[in-house]
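By written order: A, B, C, D, E and F. Residues from 1 in each chain.
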Amino acid sequence: MTREDGRSADQLRPVTITRNWLDHAQGSCLIEFGKTKVLCAASASEGVPRWRKGSGLGWVTAEYAMLPQATHDRSARESVKGRIGGRTHEISRLVGRSLRMAIDYKALGENTITIDCDVLQADGGTRTAAITGAYVALADAVEHLRGKGALVGEPLVESVAAISVGIIDGVPLLDLPYVEDVRAETDMNVVMTGSGKFVEVQGTAEGAPFDKAELDALLELAAKGCVDLTRLQNEALGR
Amino acid sequence: MTREDGRSADQLRPVTITRNWLDHAQGSCLIEFGKTKVLCAASASEGVPRWRKGSGLGWVTAEYAMLPQATHDRSARESVKGRIGGRTHEISRLVGRSLRMAIDYKALGENTITIDCDVLQADGGTRTAAITGAYVALADAVEHLRGKGALVGEPLVESVAAISVGIIDGVPLLDLPYVEDVRAETDMNVVMTGSGKFVEVQGTAEGAPFDKAELDALLELAAKGCVDLTRLQNEALGR
Amino acid sequence: MTREDGRSADQLRPVTITRNWLDHAQGSCLIEFGKTKVLCAASASEGVPRWRKGSGLGWVTAEYAMLPQATHDRSARESVKGRIGGRTHEISRLVGRSLRMAIDYKALGENTITIDCDVLQADGGTRTAAITGAYVALADAVEHLRGKGALVGEPLVESVAAISVGIIDGVPLLDLPYVEDVRAETDMNVVMTGSGKFVEVQGTAEGAPFDKAELDALLELAAKGCVDLTRLQNEALGR
Amino acid sequence: MTREDGRSADQLRPVTITRNWLDHAQGSCLIEFGKTKVLCAASASEGVPRWRKGSGLGWVTAEYAMLPQATHDRSARESVKGRIGGRTHEISRLVGRSLRMAIDYKALGENTITIDCDVLQADGGTRTAAITGAYVALADAVEHLRGKGALVGEPLVESVAAISVGIIDGVPLLDLPYVEDVRAETDMNVVMTGSGKFVEVQGTAEGAPFDKAELDALLELAAKGCVDLTRLQNEALGR
Amino acid sequence: MTREDGRSADQLRPVTITRNWLDHAQGSCLIEFGKTKVLCAASASEGVPRWRKGSGLGWVTAEYAMLPQATHDRSARESVKGRIGGRTHEISRLVGRSLRMAIDYKALGENTITIDCDVLQADGGTRTAAITGAYVALADAVEHLRGKGALVGEPLVESVAAISVGIIDGVPLLDLPYVEDVRAETDMNVVMTGSGKFVEVQGTAEGAPFDKAELDALLELAAKGCVDLTRLQNEALGR
Amino acid sequence: MTREDGRSADQLRPVTITRNWLDHAQGSCLIEFGKTKVLCAASASEGVPRWRKGSGLGWVTAEYAMLPQATHDRSARESVKGRIGGRTHEISRLVGRSLRMAIDYKALGENTITIDCDVLQADGGTRTAAITGAYVALADAVEHLRGKGALVGEPLVESVAAISVGIIDGVPLLDLPYVEDVRAETDMNVVMTGSGKFVEVQGTAEGAPFDKAELDALLELAAKGCVDLTRLQNEALGR
């Protein structure tokens, strides 16, 4: 089996992370997985939401959204429709949960970091690109707080990265672009720490249910992809 | 380790499925996993949404919601807030995807089945109870269509059931009630077919990332639970 | 004239009140008027809304809603539509006003009771079943507050019950199921106290305007029905 | 007992109906009950909503609303809040139901009349003023359709008028302004036909439940008021 | 060229300002530009929004809206649609900005004036009539605050008035009614102070772009119209 | 007077137009006015909205929005708030009106072009950058339609560009960044055609009303800026 873009089954698309793409945000990057482009921006502010005040704990939250012309056919703007779609909601929650695993709230102190992941162009893997880029923006926002002397300790306890994997014609493949994504029998998004543990595993049968062997093959592929992404994150952060 | 309700680690809570709890719906059941009570109702109607007309294919969709007093502390009504929360959106999508794996759209013909899962009381595992009960309602709605001569073939290709599993103090446990759910380090919802394959695997690190061995233990536990639930579904359906 | 279900003109449908149907709510019952099933749940919490703080007075409020599959044809979910319909609004206000007549706010002290009436199945008379069941849940929520020593005096000054009456082919009938409701020329909902006084009288000409004699006949019929319902409420409450 | 404005118990406030207050609407009037000012406008258009097409029947609907500065303290605009309040919903439905009793849909033919009642200033009795004025606008809209040859027969089968009554310190009073309305123990809105029959009777206990004798006294008072209003409607319409 | 209503190119339609048209509002007028009728109401209250507390500065805000039957064809109610349209938003902002130029916030002290401009009938020029009438209501609301001793100084530093101008068949015309408005190649709304300076200039090419000479001609015409309107405002205010 | 960034009063900030920044949209560019970055994307599709079908005319529409982290302090997402703010509405309408002046609908034929202008970073002049960039995207979308043989004639009758001007300390300045914008006494946005005519003139007094001489000075400055921008547009389009 040959992939349309010539990659091997376990190869990522070209990934670029342009750090500090924005001037105002406390952390930001434009992350690209092939043609997928996601702008990740992190704001860091002192103080936490009212329900968390006095707890000594910080707060990290995230929002994911897609520009109307990110997709092949223009989609209606959610602000114009007056409501957020289920997919947007679901991915925003996934991004937030994933990033929170990278953070020690006590060490963060009563500070809030809000991360926005806006998909400027979508070609498959937008949620995993968002998580991977969001970690870079998060790390810079933490540094910003450190520079202001606002931290209690070292809040960055882990790095997180994410990748999609899927099975097409029985073959497990890494990092699916849109043309592959629509053909996949099984679709899985995996979020992992830099130390190789799982943060989220979301596997969905699309065409047919899958068995344990397929699941294992997909997880192995994802683990390989996350190792590569972790290296790219570290390079972008100058570590 | 002893569970608060005296169960063993791989034991379901008492599960009851009261089929045809409603008079009007084409399929319905009240499903209980311990104190969790979910009312599942399926409407079957001829015709499909406009975008699917003329395709010869049927359509299955689902909505999940929770009554305000289902939880320990009353929560605000989403209809009053004027918007659906992210959790509701996410679970509705999960239930719909899961049930669609049970159906052959071609055999269903241009008919639509809509399944509503309303949580009357929540004590952990509401989404998995919803999926398990929804399958029973779905099966009866399919029979209703068969009785009207509206089917093209046999649309019910599989049964689906779902269960939650989690790790507490390092021990993998089956079917977590609320008191266990809030303590779990890792939380996983697994949807499986009656034939033992995976439809959805959603594992989330809550307190700490998890490794492959933990993932495998959880999946094994879930598989056992789904076998039990499949048997109960069959009993309820008089198979 | 014979009624389809064989009842006499002044006879209620079989009414059952299953008290404490829920585990978490401070008061609850499942009330059934024939096939109409309404789940009534009351939450009792210390404190009142901000605008009432420091007044020494309590607060009672109610919300009424219908599950999408309660009706013969599935209706769209109001949370999905993003707005509450006029009928829902109107009935929620009616239930709230009716229950507030049962309560002495000063004796309740600064506590809030919220009552949710969710129609699980609708076959006519849902608003009157809701009011009748809500009173039972309210009474138990008051007892809950009493048990916590949160009351100032005896807030339950009256009981309230409600019934629908209507005129079909010139004959006044008690407790109309859906098939009768759609044929009624005049439709009236009456809320009364246990002591036989009126709390709400809402008469609506459907097919033709009505005269004073018809109004009087309907009120007399309703009074009889409310006496029966008051007895059933007392039995359910073990009085 | 003396009323603050010197009226006797069974006397209306000064009522004026300025017909054709607007230039574009097919029927309109500004109706005043004392300081209460309601602008009623009726649009008449050929055709009916989709669900009624081909039925040969017409349609009449109504919307009631209040300008933000109509009340003593400015209230927030419902369009800005993004949702219609329960009171607005409830009154819009009441106005619509009441006017529909004046109309024979078959004679109206497949035409639609929409009536808007906008309260410019509120001093009690806005819903009853709205119904009374709306009838005048409706009658003119019907004439407009007649002039275009769009009617099938005579659709105006009745006139409708409405008035509020209430009990203060045990005394039944007609047409309550705001200062009396807030003090009333019982509050009733009555809609009647020109021929003296009831269209709507909505009685609400405010301070204490009421008995049959009080109800009868209020209805008698309301009947007298509606006779007066019917005469004023006829004068305004030049009958 | 002759205008349909016989006016000369630089002549206003008959303008009437009925001051104190409402009883409750602290300032109000019904302003008419020909058939265009706008009800302007100003509420004055002590205190400012939270974000302005302690600043010593007052606040002035405005909302513009149109009744559904103000236009030739009934338009849907924005409260029913659940959202405010772009045109309403845009004009509300324009009215607010314009009035704020009339006010010295320091002299106003921590008081808030809210002005509502509700178009009862629209025949072109509704936004300019709204601004012109709103100034009259604003002036009375300021007097109301002065009477209560709530002012710090003299907040009314200027008067503001507004007029529309446009070019039809190459001829600049003042104060366009609807029939002219739809034919205009260029449309301009100009807000000016009583002292003849510009507050807002909003020129829009409708059919074709315009040049500097046309712009100058329109501004000159507008200046003349605003002088006339300022005189009418002063007369209405008894200056 | 010296500007903070060293520019002369009539000098633009560095402007860059990166054409075809997106892969899917039929026309797109990333336009930068200094730190202001706006992504403009045009979709071209055959067919027009229902109300325009059969007219033989095309349709052009635009939407403007801002990412939450575009501003110095993160602003709430309009999709999350569930409603579009007044400023967004106002600017979307301005962009749409401006672009429509560039188009001959008859020559466009029954095709629709939708232009999205999303502000990725805001530093003053976002609406004028949006219009200037949108024209480039529009031109490419027209070419796309030409390539498909979908055009009736040459729809691009003009080019449009826009710039902001303002007065600070009495000095008229071209192209204000945020730090200047907040200090401006008068603020004006001017949209012009490539042939030097006005499409929109929107002048707003911020601190004090302005006179004709100031208005003239600002328009002259804007005209100069638009000449420069037109040249940059032509370069980007390879003309």
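Following the convention adopted for this analysis, a contact is a pair of C-beta atoms (placed from the backbone, for glycine too) under 8 Å apart; a residue touches a chain by one contact, two chains touch by 3 or more.
Predicted, not measured: the structure shown is a model, and the values here were computed from it.
Peer 1: Using the touch definition from the top, list the chains contacting both chain B and chain E.
Peer 2: none
Peer 1: By mean C-alpha coordinates, which chain is most distant from chain A?
Peer 2: Following the centroid criterion, the farthest chain would be D.
Peer 1: Farthest chain from chain C, going by mean C-alpha coordinates, please.
Peer 2: Here the answer is chain F, farthest from chain C.
Peer 1: What's the distance between the Cα centroids of chain A and chain D, rounded to whole Å?
Peer 2: Here chain A and chain D have centroids separated by 58 Å.
Peer 1: How big is the gap, in whole Å, between where the Cα atoms of chain B centre and where those of chain C centre?
Peer 2: That gives a centre separation of 32 Å.
Peer 1: Using Cα averages as centroids, what's the distance between chain E and chain F in whole Å?
Peer 2: Roughly 28 Å separates the two chain centres.
Peer 1: Please list all residues of chain A that touch 2 or more other chains.
Peer 2: 82-84
Peer 1: Mind sorting the chains in ring order for me, with chain D at the start and chain E directly after?
Peer 2: D, E, F, A, B, C
Peer 1: In their complex, what parts of chain D are in touch with chain E?
Peer 2: 22-25, 28, 35, 39, 41, 43, 45, 63, 65, 67-74, 77-84, 88, 114, 116, 118, 120-121, 123
Peer 1: In the complex formed with chain A, which residues of chain B make contact?
Peer 2: For this pair, the touching residues of chain B are 83-87, 89-90, 92-93, 97, 101, 158, 192-193, 195, 197-205, 209-212, 215, 219.
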